[in-house]
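The two complexes that follow have chain A in common; it is paired with chain B in the first and with chain C in the second.
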Partner chain A sequence: MFRYAVRRILAALPLLLALSMILFLYIHAVPGDPIAGMLGPNGNPALIKQLRHAAGLDQSLPTQYWHWFVGLFHGSLGVSLVSGQPITPILVQRIPATLQLTVAALFFTVLLGLPVGFFAGVYKGSWLDRILSPLSLIGLSIPVFWVGTLLFLVLGVHLRWLPTAGYVPFSQSPIESLRLTFMPAFALGFTLAPFLARLTRAATIELRQEQFIVHTTAKGLRRSTVLGRYLARNAVLPVLSVLGLQLGTLIGGQVIVEQVFNWPGIGRLIVEGAIQRDYLMVQSLILIIASSYIVINLGVELLHAWLDPRVRL
Partner chain B sequence: MDVPQGGVRAITIRAIVNNKRALLGTILVAAVLLFTLVGVFWTPYNPISFGGGKSFLSPSWLHPAGTDIYGRDIFSRIMAGGQTSLSIAGVAVAVAATMGSIIGVVSGFIGGIVDVIVSRVVDLMLAIPALVFALGIVALLGPSAQSVTVALSVVYMWQFARVIRSIVISVRNKTYVEASRGLGVSPIAIIVKDIFPSVVPILVVQITTALAWGILDEANLGFLGLGVQPPSPSWGSLLIEGREYLFDTPWLSLGAGTMVLITVLGVNLLGDGLRDIIDPRSAEK
Partner chain C sequence: MPVVFDEAAVDSESLLRVENLSVEFGSGPRAVRAVDDVSFTIGHGEILGLVGESGSGKSTLCLALMRIVPAPGVVKSGRVVFDGRDLGVLSVRQMREIRGNELALIVQDALATMNPVTRIEEQIVEILRDHAGKGTVDRKNFRERALRALRSVHLPNAELNLRRYPHQLSGGMQQRVAIAQGLILEPKLIIADEPTTALDVTVQAQILSLLREVRDTSGTSIVFVTHDLATVAEICDRVMVMYAGRIVESGTVREVFKNPEHPYTKALLSGLLPLVGEPPEELDALPGQPPRPEDWPSGCRFHPRCPVYVRLGKPDVCRETDPNVDETQSHWAACHFANQEV
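This part shows the complex of A and B:
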């Protein structure tokens, strides 16, 4: 296991390096000058030149990349073009709120999607199974801002059951924090759950035909034992690995939902950066988001290998 | 990936009528297209000018989706906005499909080191969440209809490249391709005549999927304030206006959002149906 882990981690490192390079090139391949774009009609050539110099944009591309890259190794993501503040502390400050929302959203996704998919697979052709397919199609088509806005209007404004917007750290006031987390997390979970349910159903149906399930049933084990100990456990693995790949959708949805509910996370930070056309902020945040995607999927892969030794071969 | 047996020729009017999802999808998509097409030439009220109507009216027979802050009829604005939203999604997907197919076919056909490098780049591009990536590109270009189109093309083409490449690799060494190669047919002719026909069915399904993303992401970017800018109507730009006046006129957000939902649902249904028609084995699962 250790050797497998080291091998996978070493294989991921060049990926992260290449990611930083491609992202850098991408941002610089886009025509137009970011500073002129940022200043808009207020820009005059002298000011543009001065700011370009301050941001190091008048240096050659390799030099610029090198500076950015060396900075990354020192934990510095560069300096915001708009506010002049270093990006790393701003980002770090936003991490707890974003993580809290991600975890809560995953909780709702799993709570809604896993049991529905599992039982739809076990009882294939039942009413649960028959409504799952149209339901998941609706889930795939429903815009997350629409669900969010509807929850906001109904639960927050009309019924006044929940506070409509904002964020309180969990450590400060756990109850208020959870009340604030409910709507954004549920909106995200609701749009992702159908996808998870579909996956779980497919994995369950495939497993049901496996020899060992047929065998345990034939051996006369109780149905709950077969389902719980043999089917459910084995169905979790394939679902887990595809769920990791689905993380991109969650992140995209989170950007939207943070906007709906005024949630001070990384999603809002990147939108603020994009609206102010702070290209350095956006470039660094995309790098962080894409890197976490790669790292989390590496984690999922290692977990999978640890739980299922066959993968290591 | 296996090449489906049915192929594009299986898509006939009869097949669509016999497939519940494809039929429902076609009806929804046709209705949305008609709604939008009519909106190009005629809307119940002027969707753009500030014609002195009453602000923030609730839905009624005269204004099915109410009016906005300037007294403009929201239903008319949704009608007029469809044109922009659908063209952005359509053009972006067309460009992405073309670029992605070229990358996928070339990479899969040449193979070797080229394929290894291209596949790695594609994997990396797909590690960046689509919406975040698009938002980054719009940030550089400045928010406008053109920027959104460019951003979505650039973001979607990698998915096309990955799917097309995997099919090209699966047919590259088939006997009929070997035969053409043995007969001295030029690589270009092999790609066009032998390989591309196997790619088309999957391409069709992938295009419908991407159209659904395109419509959703135009709306998402608009909602974030990074899409088409008000006052010109698009479903995305209506959403950002709707967010500003959410308490006064929730119909604006919900109306434009519902239109997006109906359109995307129609496209997804059609895509699912076409997949079943093209590859009957997938329907059995």
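This part shows the complex of A and C:
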């Protein structure tokens, strides 16, 4: 297991490097000069030139990349073109909120999706399955902002059970922080769970045909053993590998949910950065998100290997 | 919960008695009868060979004995009386307590029957745990018993292999583990459905001698399913030949091998005659294809391939009438011309 983990981590490093290069090229391939765009059509050419020089945009692409790359190693993502502030501290400030929302959303996704899909699969064709499966299909087609707004109106405005918007760091007031997290996280989890449920259901149904499941009857094993140790443990494996990929949807959904609930996460920084044409900000944010995507998938892979001994070769 | 005891079923001679058992797949007019009106008995400590081509219904028969025929298959009629109990009337719970405990099934592909994500130890211990009384969690004792079970099937490095996962073992070791799983609760009857087919010759011989050892030391009865006649001659006491869902000949190994009465058995055995090198593995020495349950031939189901039928000028009786048999005889064959020299 340890050797497998080391191997996977080493394999992820070149991926991160390639990611930074592609991202850099992509951003710089977008037509239009960021400085000229920022200043608008009436920008003073001399000023543009001066600003370009200050931002290093008049250097060759490899040189620019090299500077950026070296900066990354020192933990510096550069300076925002709009505010002139270093980007790293701004990001670091936002990360806890994003992390908290991501973890909470994932928690609801799994909490809702896994059991629903599993039991619908185990009792395929029963009344339970016949209620849950169409429900998950409906759930699949509900957009996240709709769920978010509905929660907002019902729980926040009408019933006044939960605070409607904002963010308080967990360290400052755990209870208030969790109360504030509930709605955005639930909205995200609720929209992602149906997909997970359908996946789990399909995996469970497929598993039930396997000989090692059928043979549990011949061994006279108890139902609880078959459900827990045989079906659940094996059904989770195919689901897990897809769950990592689904994180992209989660990040995309966050951008919307953060707007609805006024959540100060990375998603809103992207929106602001894009509107203000702060290219370095956008570049840094995408780098962070894409890297976390790689890291999370690495984590999922390691978890998969831990659960499935056949993977650790 | 008292087990349903059937006065008539108590039989000191036989451990298992099968009466007119039929298994169908599907229902209505399109139902397919994979096992058709099969009756036989197995005595205590007896090894009964069950021979036939694939598709003859022998595996389905095995599943029916354990009452685990998968849907859409159903036991259509007949009784299976095991150790004085009619299995057909037991509850699901009573049946679960018997399976894996008094009645064990070992199949060809041992790996496919194991949970790929848990260790061998867990796979053996869970059988002990699930058949122990409620709330019995004696892990240390279970582990000891699992170890003993692995040693009893001569698995090398039992300690180490207990910590391994199924896919890390060789085919022979996997089959030994499967047998250890089957034996750990000292069942009265083991149903072994081609347990050696997937293994190489040396390992085959080891597994066979292991099964015989189990019978000799514990008095366990065994149904041994195979399509290799050499194996039958080696370890079985009695043998039944199955063809197209029916038993066509039954007798002691000596009777059947020395004096086969059914043309099908004769054909099988003649395939053994050139005893140079290895005996042929597959029983496909006969002309034509083995029939399939969708279209069993009329009358004697063997007639489209029967050399005797052809030699006798295709008598109508073979095509039109099922051969009658006297199943009380020690040795019998389902053929109209069984005892005639042809």
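Keep in mind that, in the parts below, the second predicted complex is superposed on the first by the 307 of 313 C-alpha atoms of A that agree within 3 Å, B and C clash if a C-alpha of one lies under 4 Å from a C-alpha of the other, contacts with A are read in each partner's own complex, and residues count from 1 in each chain.
Note that in this section a contact is a pair of C-beta atoms (placed from the backbone, for glycine too) under 8 Å apart; a residue touches a chain by one contact, two chains touch by 3 or more.
Just so it is clear, the structure is predicted and the values come from calculations on it, not from any experiment.
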Superpose on chain A as described above, then tell me if chain B and chain C fit or clash.
fit
Going by the contact rule set out at the top, does A:L153 touch chain B (first), chain C (second), both, or neither?
first
Which partner does A:L111 reach: the first (chain B), the second (chain C), both, or neither?
neither
Touched partner set for A:R222, first chain B, second chain C, both or neither:
second
Would you please give the vertex angle at the Cα centre of chain A, with arms pointing to the Cα centres of chain B and chain C, as a multiple of 10°?
90
Can A:L61 be said to touch chain B (first), chain C (second), both, or neither?
neither
Across chain A, the partner (chain B or chain C) reaching more residues is B
For A:I9, is the partner it touches chain B (first), chain C (second), both, or none of the two (neither)?
neither
Should A:R310 be classified as contacting the first partner (chain B), the second (chain C), both, or neither?
second
On the A-aligned overlay, A:T249 touches which partner chain: chain B = first, chain C = second, or both, or neither?
first
When the two complexes are superposed, chain B comes to within a least CA distance of chain C, in Å, of 17
Intersected contact list for chain A, partners chain B and chain C none
Of chain B, residues touching chain A in the complex:
120-121, 123-133, 135-143, 212, 216, 219-220, 223-226, 239, 242-243, 246-247, 250, 253-254, 257-258, 260-261, 264-265, 267-269, 272, 285
Please name which positions on chain C make contact with chain A in the complex.
66, 68, 70, 96-101, 104-105, 107, 109, 112-118, 122, 126-127, 129-131, 165, 167-168, 181
For a test of understanding, state which residues of chain A touch chain B in their complex under the given definition.
15, 18-19, 22-23, 27, 30, 32, 34, 37, 137-138, 140-146, 149-150, 152-153, 157, 202, 205, 247-249, 251-252, 255-256, 259-260, 270-271, 273-275, 277-279, 282-283, 285-286, 289-290, 293-294
Spell out the residues on chain A that touch chain C in their complex, using ranges where they run on.
210-212, 214-215, 217-222, 225, 229-230, 233-234, 237, 307-310
